[in-house]
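Next up, some structures in structure tokens.
Look for chain A in each of the two complexes below; its partner is chain B in the first and chain C in the second.
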Partner chain A sequence: MNKNFILYAAILIFGLAAPFIFPAFKVQLSILCVLIVLATTWNIQGGEMGYNSFGNILFYGLGMYLCASVQVGMFFPLAEWTESGGEKTFVHTPPQFFQGMAVGLVVAAVVPTIVAGLIGYSILGLRGHYFAICTLGLGVAAGEISGGIEIIGAGQGFTTPPFPNVGSLEARGEFFYFLSFFTLVLTFIAVRSIYSTRFKLILNAIRDNEDKAEAMGIETMKYKIIGWMISAFFCGLAGGIMGGLVGYIDSTDVAFDGREMGVFMVLMAILGGKGTLWGPIIGATIFHIFKEGFWTFFLGWQYVALGVLIVVIVIYFPEGIMGWLREKYPERFGEVVDEKDRKAQVELK
Partner chain B sequence: MRLNKIILSFVSALVILLSTSVASFAKVVGDKIILGAAISLTGKYSSNGVHTQNGYNMAVDRINSMGGVKVGGKTYKFDIIYYDDESNPKRAAQLAERLISQDGVEFMLGPYSSGLTKAIAPVTEKYGVPMVEANGASRSLFTKGYKYLFAVLAPANLYLDVAIETAVELNGGKPVRIAQAFEQDAFSQDVRLGILDAAERTGSKIIIDDKLPKELNDMAATLVKVKQMKPDVLVVSGHTKGALTAIRQIAEMKVDVPMLAMTHCDAAKLSKQHGKNSQYALCASQWHKSLTYKDDFFKDGMTYAADFEKEFGYDPPYQSAESSAALLVFKDAFERANSFDQKKVRDALAATNMQTFYGNIKFAPGGQNVDKPMVLFQVMCDASGSCENKVVAPLKWASAKLIHPIPKWSER
Partner chain C sequence: MDFLVFQYPMITLQACLDGILLGVLFALIAYGMALQWGVMNIINIAQGDLVILGGYIAYFMYLYGIHPAWGVIVAPVIMYFVGIAIYKLVINKVVDRDLFISILATFGISILFMQLMNFAFGADVVLANSGYGTTMLFDNNVVLPNSKIFSAFISIVFAICLVIYMKKSKLGRAIRATAQNARAAKILGVDTEKVYAATFGINAALCGVAGALISITFTIHPYMGLPYTIRSFMIVIVAGLGNLPGVAMSGMGLGVFEEFADYILGTEFRIGSVFLLLVLILVYRRFKLSRKREYLK
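Now for the complex of A and B:
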């Protein structure tokens, strides 16, 4: 317990000091926080519950559009802001910007949660591949639909309100970093506390054998929906922040970016080790560093390098980094290994 | 609880990695002026991204070999740091941030496409980094009050409205029936706005108004409607892929329409790729090699095209020409500002008034180039089947007469 406390304190201090130690990397660090949130929440479905969802991007994109729309709509006519070739330019004063952002983020978190409940009710009855394909469709459909809605800019995209001038150039980076770091901490605390309750055991039971779980009297549907709603809450929040950070929302390339973000969140969780608390966090961090490195040093080849990375992950780390460590050093994970039994098994092989 | 140790060592490794990877460039090192650019080297805009990059590189080499940039009595050479934005606005915004705050770039060149320029402009604006862009034509870029954004091209809504006016003129001044299909992206949607304006102006009716998905591979549904409703003009815009798809399917389905107006014909190398099938397509272009503008570096359009072909092995599309022009604008501004102060360079850029091989360049307060009209060319093929783009409007530069209406497929 004590050691744990030291670890968390160290990470927290590092997180709080990071933008000042690496002032040039604020944007990358903010994105890292968002990636961790996405990977960690995906892990609730993909890792703990055994439902491979490609649809979490739906909540992320929804949060992004909602946050920006509220932020603009609270003070100015939204239709005029997004009107293509809009001749009018509105400027948010600092209080307007921050109030709008605050309300926007609340909406960005709450609405996707409700949407997740509604969609979940209708599709969480599907299992396995059927669920995966269905959720894949959700993200694609959302991208195409939002690309046709004029009030949020349609194909023109949606420029989010520019950060107000509050003196320092660094303020924007710092604001978004702390916002995303705070969201990350919130997500971590929430997920960690969930994982220490019976709820996690139920999710695991669904993963291991859903029929048996039902036979044991667990209302699996209810828990599946709640699990998805929790993910949606944080995905929406992450989306809202990301929209402000990027500054420009495009329906298929930024918001409902299933091809990138939607796949990355799965990849990161698998890389780190799904079904573990730390796995997605480690996976997202390594993935982000790899990706940024590829972009800098293998210009034009980054996706080839990324493809190789994915192949390596699947072949050598099918259980992810945490799973690999766990197999290699089981005693460090608090598992007791019977040396005789292990040897016997090795000989059998 | 050894797990904690692993995580702790992991975190500290991360700290070390981050702190050693800080690269430091600066805007002007020794005798080099370093410009930053995020270019679409991969993704859906990759072909146009490469056209843009080739245009930039061509101009950098030319300016450097012809004496470079003279500022404060010293001679400097251009150098460009490129990153790949993957045709993704999120990535582009991130890279702009990176170029400025990590690489220390103080002057930027634009990316390819309006969408990506829209994503980058807020970043350059925030840091007060002057950006000369050559490939973001969306009108909304110029109404947001950006002070550091300068575009050497004419805004997107002007691309094809000439075509509508020409169609009305050829129809004896009577309104025409327009069918249009546009990709759902910032640029094409702006071209659409231009058509809507032109239709309203001329009293023309829009009978088909389709939106097409990005990465356009199929527009058969629209073409079926066109076959049924027989409009006077069909307008299609969807970057390179859109142009290729449209021509391929129009030929496959033998769609007869009196006028076909498009964008990106030259970037898609339509006349090479589809040969006679692309014949009679009317294309909006920012530039054509036969225009008679001149400058000291590339001489004129014909010379530019020949030099470009020698270096890169293909006829330059206007995307390359306008990108080269962006460097000429920067050079001119640096020399007039006689300083590397961003504010001064910005003011010098705003006062630009020059002629390049690509056209006259003079910026409106919004940042768009107001001194250069669009041209329309038509793909024309001779009996042997070799096709060429010939300017048909405006009349001042026309090297051929517009063929209208397009002969039916059965008569070709």
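Now for the complex of A and C:
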């Protein structure tokens, strides 16, 4: 426990100092925090609960649109804002911007949670691949439908309020970095405390055998919905931050981007190792470095690389990095291994 | 937003006929999906991208001065080998594993294909002009392009040929045996590996035919694949595996639904309504099944 405390303190100090050590990478670091949040929360119901969803992008996009709409709608008429392309006609003063952002983020986190609770009963009754395809459909449908709604910009997109002039040029990057880093810390604390409770064991029971779990007297549906709602809460929050960070919301390319973000979160969790606490974090970090490198040096080929990467990871590396480490060094994960038995297994291989 | 559709019988008739002709094409794609789902227990997200690839084959024949209707014969031949290649490279490693793995792997293939087609053929919406003209019915109130009638006819011909092939030929019987029980088929001397490859090839060939027909009748675009996957998935779950008349009927039903959604809600909500319908069907199915489970209790 003491060792862990030092580790966490080191990570926290590094996280707080990072924007000053790498001032040029502030936006990248903020995106990394958001990606880690998405991967970690996907892992709650994808990895621990065994409900592999392509549809968490629904909550992410919902949060993004809600946060921006609230931020604008609190002070200005929303329809005129989107029609005029936003920032040219109306300008947020700094207090207005921060107030709007604060209320917007609360709404962006709460409403997707409620939505997840409402649709959870119907959707989470589906099993296996039906659930996967259904959530895939949900995400795409949300993107297509929001692309037809006039008040949030329809096909031409929605410009989020630009960051107000508060003196320093670095303020925008630092604000969004600390916002996303704070969200990351919040997510980590929440997820870590969830993982040490009975709730996590129930989720694992659902993953391993849902019918048996039900037969043991667990109200599986209740826990499945709660698990999904926790995911939705953090996805909505992450979406709200990302909307402000990107500065522009498009229905299918930014908000409900099932082809990018929706797959990324699944891929990051699988790359790191499904069903572990640190797996999604490691996976997201490696994936983000890989992605940025590829996006920068081989622009245009990124989706080809993404497609190949998905196929390779899924076929040859489905256990992820943590799974591989666990197989290699089981003692570190608290598993007691008989030395003879292990040697015998190595010989068998 | 016009909810008075039924006051205009000609528009209704037009939408129905359009929908039925379109639905036959959907049914052809869905038949391929049902085939490989039933035999290999794999859901192929790249199905729609195979369709679009077939469409581009016909489009390129059109560009080089060959009548695109010949694409109906060329595209399946090429796509058969594309399908075999995909099977050998990826699918044979996910056949016996978790369904989610196969969904994610084919999702990767789908993204890969989308982008490669985008590179190779450009991001424009294209169509191969067949020059077939149109048929006017009911005092010129209902306009049907002949290419749509042609494509529906060809789809039906291909479907019938395939059904006969599956019933009579040796490979067809091997495929059906593997679908029933892969292990028993293996014991009785069926080379299931070969059967799987052939099944995936036939599925890709069917997609090729459908794609060539779509490029003649509608438009194709590298990113338009996913809706075709979702449509065929929807048709298969409504009809059930191995229920051919059901596949045909629900395909046509879906086509008609889409045409009406297009007229009533507007074209921008067309794809959205398809995906929403999928969600509704799955949810309906879930409640129906759960009621059945309650009866058992």
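Heads up, the rule we're going with is that the second predicted complex is superposed on the first by the 324 of 349 C-alpha atoms of A that agree within 3 Å, B and C clash if a C-alpha of one lies under 4 Å from a C-alpha of the other, contacts with A are read in each partner's own complex, and residues count from 1 in each chain.
Criterion: a contact is a pair of C-beta atoms (placed from the backbone, for glycine too) under 8 Å apart; a residue touches a chain by one contact, two chains touch by 3 or more.
These figures come from a predicted structure and were not determined experimentally.
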A:L138 contacts which: chain B (first), chain C (second), both, neither?
second
Quick check on the superposed pair: does A:Y303 touch chain B, chain C, both, or neither? Answer first, second, both or neither.
both
Go through the superposed model and pick first if A:L7 touches only chain B, second if only chain C, both, or neither.
first
For A:I315 in the superposed arrangement: first (chain B), second (chain C), both or neither?
second
Given the touch rule stated above, what does A:V254 touch, chain B (first), chain C (second), both, or neither?
first
Please determine whether it is chain B or chain C that touches the greater number of chain A residues.
B
I'd like to know which partner A:I189 touches here: chain B for first, chain C for second, both or neither.
neither
Which of chain B and chain C A:V27 touches, first, second, both or neither:
first
Which partner does A:I151 contact after superposing on A: first (chain B), second (chain C), both, neither?
neither
Overlap the chain B and chain C contact sets on chain A and report the shared residues.
144, 147-148, 154-155, 300, 303
Where on chain A does chain B make contact in their complex?
3-4, 6-7, 10-11, 14, 21-28, 31, 84-89, 144, 147-148, 154-157, 159, 162-163, 169, 172-173, 242, 246-248, 250-254, 257, 260, 278, 282, 285, 289, 293, 295-296, 299-300, 302-303, 325, 329, 331-334
So in the complex, which bits of chain A are touching chain C?
52, 122-123, 125-126, 128-130, 132-134, 136-138, 140-141, 143-145, 147-148, 154-155, 259, 263, 266, 270, 300-301, 303-304, 306-311, 314-315, 318
Under the touch definition given earlier, write down the residues of chain C that touch chain A in their complex.
43, 90, 93-94, 99-101, 103-105, 107-116, 118-119, 226, 230, 233, 237, 266, 268-269, 271-272, 275-276, 278-279, 282-283, 285-287, 290
For chain B, which residues count as touching chain A in their complex?
1-4, 6-8, 10-11, 14-15, 17-19, 21-23, 41-42, 82-84, 86-90, 93-94, 97-98, 101-102, 115, 118-119, 122-123, 125-127, 138-140, 143-145, 157, 182-186, 188-190, 193, 211, 213-214
